[in-house]
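In what follows, chain A forms one complex with chain B and a second complex with chain C.
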Partner chain A sequence: MPDPLVLLSSILIEGIILGGFYSLVGLGFSQIFGIMRVMNLAHGDFIILASYLFALFAQVLTNPFLAFIVVAPLMFMIGYLYQNVLNKMIYKDSSAILLITICFGVALENILLLIFTPNPRNLCPSYLLGGIDLLGVSVRKSLLVAFSGSIATFVLLFLFFKRTYIGKAIIAASDDRLTAMLMGINPPKIYRYGMGICMVIAAVTGLMVAINYLFDPSAGTSYLMIAFGTLVIGGIGSLLGTFLGGFVLGISQTLTANLIGTSYQLVGGYIIILIFMLLRPQGLFGRKE
Partner chain B sequence: MEKNILIAIFILFALLSLLSDPFWSAFFSLVFIYIACSEMWSFMISKVNLLSLGQQAFIGLGGYTLAVSSVYYDLPIPFGILMSACVAGIFTILELPPLLRLRGIYFAVGSWLFSEIIHLIFINWEFVHAGRGMAVPKAYGMSPTITYFMALCVAIISVSVIYFLSKSKTGLALRSIGENEMTALSIGINSFKYRGFCFFIASLITGLAGGVYYTMRPYVIPWEAFGIQWTIGFAFASIIGGSGTLLGPVIGSIIHVSLIHALAGFTIIAPLIDVIVVIIVLFVFPKGIWGTIAEKMRFKLT
Partner chain C sequence: MTLLSVKDVVASYGDITVLKGISINVNPGEVVSVIGANGAGKSTLLKVIAGLIPATKGSIIFKGEDITQTSPFERVSAGITLVPEGRKIFNSLTVLENLEMGAFNPRARRKKNVLLSQVFELFPELEKMKNRNASTLSGGEGQMLNIARGLMSDPELILFDEVSLGLAPAIVKRIYEAIKAINSKGISVILVEQNIMQSLNICNRFYLLTSGAIRLCGRPSEYGFEEIKKAYFGGVSGA
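After this line comes the complex of A and B, so read on.
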C-alpha cells in the first residue's frame, strides 16, 4: 500500500489531465444542446467518424496532426448538412428529433463498421509514446497533448463567441430566438454554422481519441455518455460548467480506478452523473428551467 | 373497431400455431416479443410523455435472471420467466427515484445511462460469467409450440393491460398528464406516481418478454442483451405502425421482424436499413401506417 498522500496526489493529477480530455468530449455536445436545444445522440459516433477520417488522411499526409487541415473543413461540411436535415424538424417535436439523431448515430456506426471493419485502431505517433514526470506522477505524453488541445479549444471557442459576428449571432439565436429574428438574424442558417463548428470540435476530439485510445466503430456510446455527464454536471449552455464537469468526471473515474479496479472505472463516472441528477438537476452553473 | 380487429388478429395468431412449422413459429414468437415491448414503449411515450431509451436493460435483466435461475438454482423455465419480471421490477423501483426527476430528453438519456451502468456491471461480474455470456441449459430442446404460446401470452397481456388501463380511472389520469401536466397537477393528480407506475408496468412486461426471448435463443451475451438496438427496434415498430394506437405496434412489429429475417445474412446492413426507414417515416408520415389510415377513415382510437 503506497503512502496515502502520494496516492491522493497521483489520483488528482491523473484525474485533472483525464478531465481536461473529458471536457473536450463534452464541449461539442453541450454546445449543440445550448445553441439548438437538440440533444445530439449521434455525437459519440461523429467523434469516432472523425477519428476514422484522421486514420484515413494520416496515411496520405503521414501525420495525424497535419490531417486536421483536411478533416476540419470536411467535418464542418458534414455538420452543415446534418443540421440541414434537423432544421426541418426542429420546432415541431422534441422526441422525434431525439429519435432522428439516435438513428443517425446507429446508421453512422454501421457504415463505419461496413467500411473499416470492427478491428480496433490507434494513431499514436511514436514520438508521443511513453510518459513525462509531472510532480512525481508519470503522465502519458499523448494525454498531455489532449489536455492542452482541450484548453486551447475552450479558449478559442470563448474568443469566437465574444469577438466574431457569427459567434455573437449564435449566442443571440440561442438566448432568444424571436428577438434575434427581429434583429435580422436567420436562426436556421445560424444553426447550420453552429452545428458545423460543433463538428469541428468533434474533429478535435476525434483526433485526441485517436492518439490516446484504441477506437472501433462501436466506441461512440461511451463517449456519448461522458458528454452527457459533462452536460448534466456542468449545466446547460455554460462553457465553464462543461469545463469543470469534465474534471469532476475525470477525478471520479481515476478514484474508482485506483480504489476498486480499472474495469469499474466507467461505472464510477456514471454514478457521479446520477448523484448530480438527484441532488442538483440543473447542474453546477445552469439556470433552473 | 380497433378492439375487434385486434381480437381477430390474436385469434388468427393462435390458430397459426397449428401450422407447427419451425421457421414460422420462430418468426411469430419474435413478432410477439416485439409486440409486447413496443406496445409498452408507445404507451409510455404517447400517454405520459416518457421517452425511454433504456428498455434494453429489462430485456437483458430478464434473460440473465432466467439463465441464473436455471443454472444456479435449478428452477423450472416458467418460474424463471416469472422471476425475470420480478427482477426487472425491483431494478425499476431502484432506478425510479433519480430517473423521475428528469424531464423529456433528459429522462431519455438518463434511462439509457442506467442501462449502460447495468451493462458494464454484467460485463465485469464473474457470477454471470462476465463477458463470455451464459447459456440457459434447460431451454435447449424445448418444444417451439410452448415458446410460441408463451410469447403470444406476453403479447396479449401487454395489449390487454394497455386496453383496460386506458378504460379505467387511472387511464384518465394518465391521459390528463400527457395532455397538460401542469393542469393535471393543479387538479390533484400525482404526476410523479402515475409516471412511475407507467414505467414500472412497462419494465415488468419487458422483463417478461426478455425471459421468453431467451428461452427461444438460450444464450445470453451482455453486448447483445443490453444493446441499444432493442429499444431502436421497439421505437421502429411503434413509429412505423403508429405510436399511441393499439394496432400500430402490432403492424410495425410484423414489418420489423420481416425486415430482420429478410436481411438475416447481412448483419450490418439490416440495422442500417432499419434506421433509414425510421428517419423517412418520421419525416414523411409521422403518424405511422395505422395512425394515418385511422385518421383517413375516421376510426375511433382507444
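After this line comes the complex of A and C, so read on.
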C-alpha cells in the first residue's frame, strides 16, 4: 500500500491535468449553449471532424500543430455555415433544432467513416511520446500540451469577450436578444460568428484529442458526454464554471480509477454529473433562469 | 418636412389586432407624447416604429424614405432608437460596455468617444460607475443607463417607452430634465407614458390612444385637462 498522501497528490495532479483537457472539450459546447441556447449534439462529431482535418493537413504540412493555421479558419467557415442552417429554425422550434444537430452529427460520423475508414488513428508526434516528471508524478507530455492548450484557449476567449466589440455584442445578444436588436445588433449574424469561434475551439480540441488518444469516426459521442458533463457541473454560460467543471470531472475520474479500478473511471464521472443534476441543477456558476 | 410619418398602420399580436390604422407625425425637433390607458397600444406603436413588430398594413416614412419593411438594425442605423421599458440593460456587461453596445451601429461607433462624453455630461453618475457590473445598479441608475445607452446610437428620433415607470419622484424629475436636454440638442422625441400630467407638460403635441385608435390629438393647450381625462378614461370602459 503506497503512502496515502503520495497517492492523493498523484490522483490530484493526474485529475487536474486530465480535467484541464476536459474543460477544453466542454468549452465549445457550453459556449454554444450559453450564446445561442442550442444544445449542439453534433459537437463531439465536429471535434472528431477537426481531428481528421488535422490528420489530412498534417500530411501536407508535416506537423499537426502547423496544420492549425489551415484547420482553424476551415472550422470557422464550417461553423459559420452550420449556424446559417440553424438560424432558420432558431426562434421557432427548439426541439427541431435539437434534431437537426443530431442529424448533422450522424451525417458527419458517416461521412468520416466513408472517407477515412473505421481504423483508429493517432497523430502524436514522436517528440511528445513518453512522460515527464511533475512533482513526483509521471504525466504524459501530450496531455500536458492539451492542458496548456486548454488554458490558453480559455484566456484567449476571455479576452475576446472582454476586449472586442463583437465579443461584447455576443454577450449582449445572449443576455437579451430583443434589446440587443434595439442596439442595431443583428443576433443571427452575431450567432454565425459565435458558432464559427466555437468551431475554432472544437478545432483546438480535435488537435488535442488527436495527439492524446486513438480516434475513429464514432469517437465523437464520448467527447459529447464529457462536454455535457462540464456543462452540467459548471453551469450555463459561465467560462469559469466550464473551466472548473472539467476539473471536477477529471478528478472524479482519476479518483475512481485509482481507488476502485480503471474500468470504473467513467462511472465515477457520470455519478458526479448525476449528483449535480439532482442537487445543483444550475451548476457551480450557472445563472438561475 | 416631417421627420417621421406613420400612415394608417395596422399591427397585431397573433390574432389580436392591437393597432387599428394609426397615423402620427413627428416634426424635426419635436417632443410628441403618446398617452392612453394600459393596453391601448402605445408600446406596440413604438415597437412598430422601431421595427420589432411588423406593420401588416400602412407605411412608415422616415426622412422621406419608406422604412416599413426594414429590420430593427437598419432603423437604428437610419437614426431611430427605442429606449425599452423596464430594466433592459445587459446584466453580464459593465456600465461602459453597455454604453459601447449602444454605439454598435457603424455610424455611431466612429464617433463613440464624442457620444460617450456627451452622455457622461448628461449623467455624471454613470461615469463614476462605468466599470461596475450593470447588474449592481439601482432602479434609477439602471434607467439612466438605459437612456444613455439609447443616446449612444446617435439618434435623430428617440422613442421612450414608460421611462418613469416605478421610479422615485426625484429620479423621475431628473429623467425628465434629461429628456429636455436631449431634445434641446435637436433630437426628436416620442414619449409613451401612463403619467399624463408629466408627459403633457413636456410635449409639443400629443396623441391619445384608446384601444388601438387615435381618439384625440393636438397641442396640450388646445384642450382642457378635463377634456383629455374624459377621452382617456372613455377608452377604458370600451365605449
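Remarks
FYI, the second predicted complex is superposed on the first by the 289 of 289 C-alpha atoms of A that agree within 3 Å, B and C clash if a C-alpha of one lies under 4 Å from a C-alpha of the other, contacts with A are read in each partner's own complex, and residues count from 1 in each chain.
Here is the rule we use: contacts are C-beta pairs under 8 Å (C-beta built on N, C-alpha and C of every residue); 3 or more make two chains touch, one makes a residue touch a chain.
Owing to the predicted nature of the structure, the values given are computational and were not obtained by experimental measurement.
In the superposed pair of complexes, A:T179 makes contact with chain C only, with no contact to chain B.
Judged by the touch definition given at the top, the superposed model places A:I111 against chain B, while chain C stays out of reach. Of the two partner chains, chain C is the only one touched by A:I171; chain B is not. In the superposition on chain A, A:M89 contacts chain B only, with no contact to chain C. By the document's definition of touching, neither partner reaches A:R280: not chain B, not chain C.
Taking chain A as the reference, the larger set of touched residues comes from B, when chain B and chain C are compared. Across the complex, chain B meets chain A through its residues 45, 49, 51, 53, 97-98, 101-102, 104-106, 108-110, 112-113, 116-117, 120-121, 123-124, 228-229, 232, 235, 239, 268-269, 271-272, 274-276, 278-279, 282-283, 286. Across the interface of their complex, chain A is touched by residues 50, 52, 71-73, 76-77, 81-82, 84, 88-93, 97, 100-102, 104-105, 108-109, 149-150, 153 of chain C.
The part of chain A that touches chain B in the complex is made up of residues 39, 41, 88-89, 93-96, 98-100, 102-104, 106-107, 110-111, 113-114, 221-222, 225, 228, 232, 263-264, 266-267, 270-271, 273-274, 277-278, 281. Considering their complex, residues 165, 168-169, 171-172, 174-176, 178-186 of chain A touch chain C.
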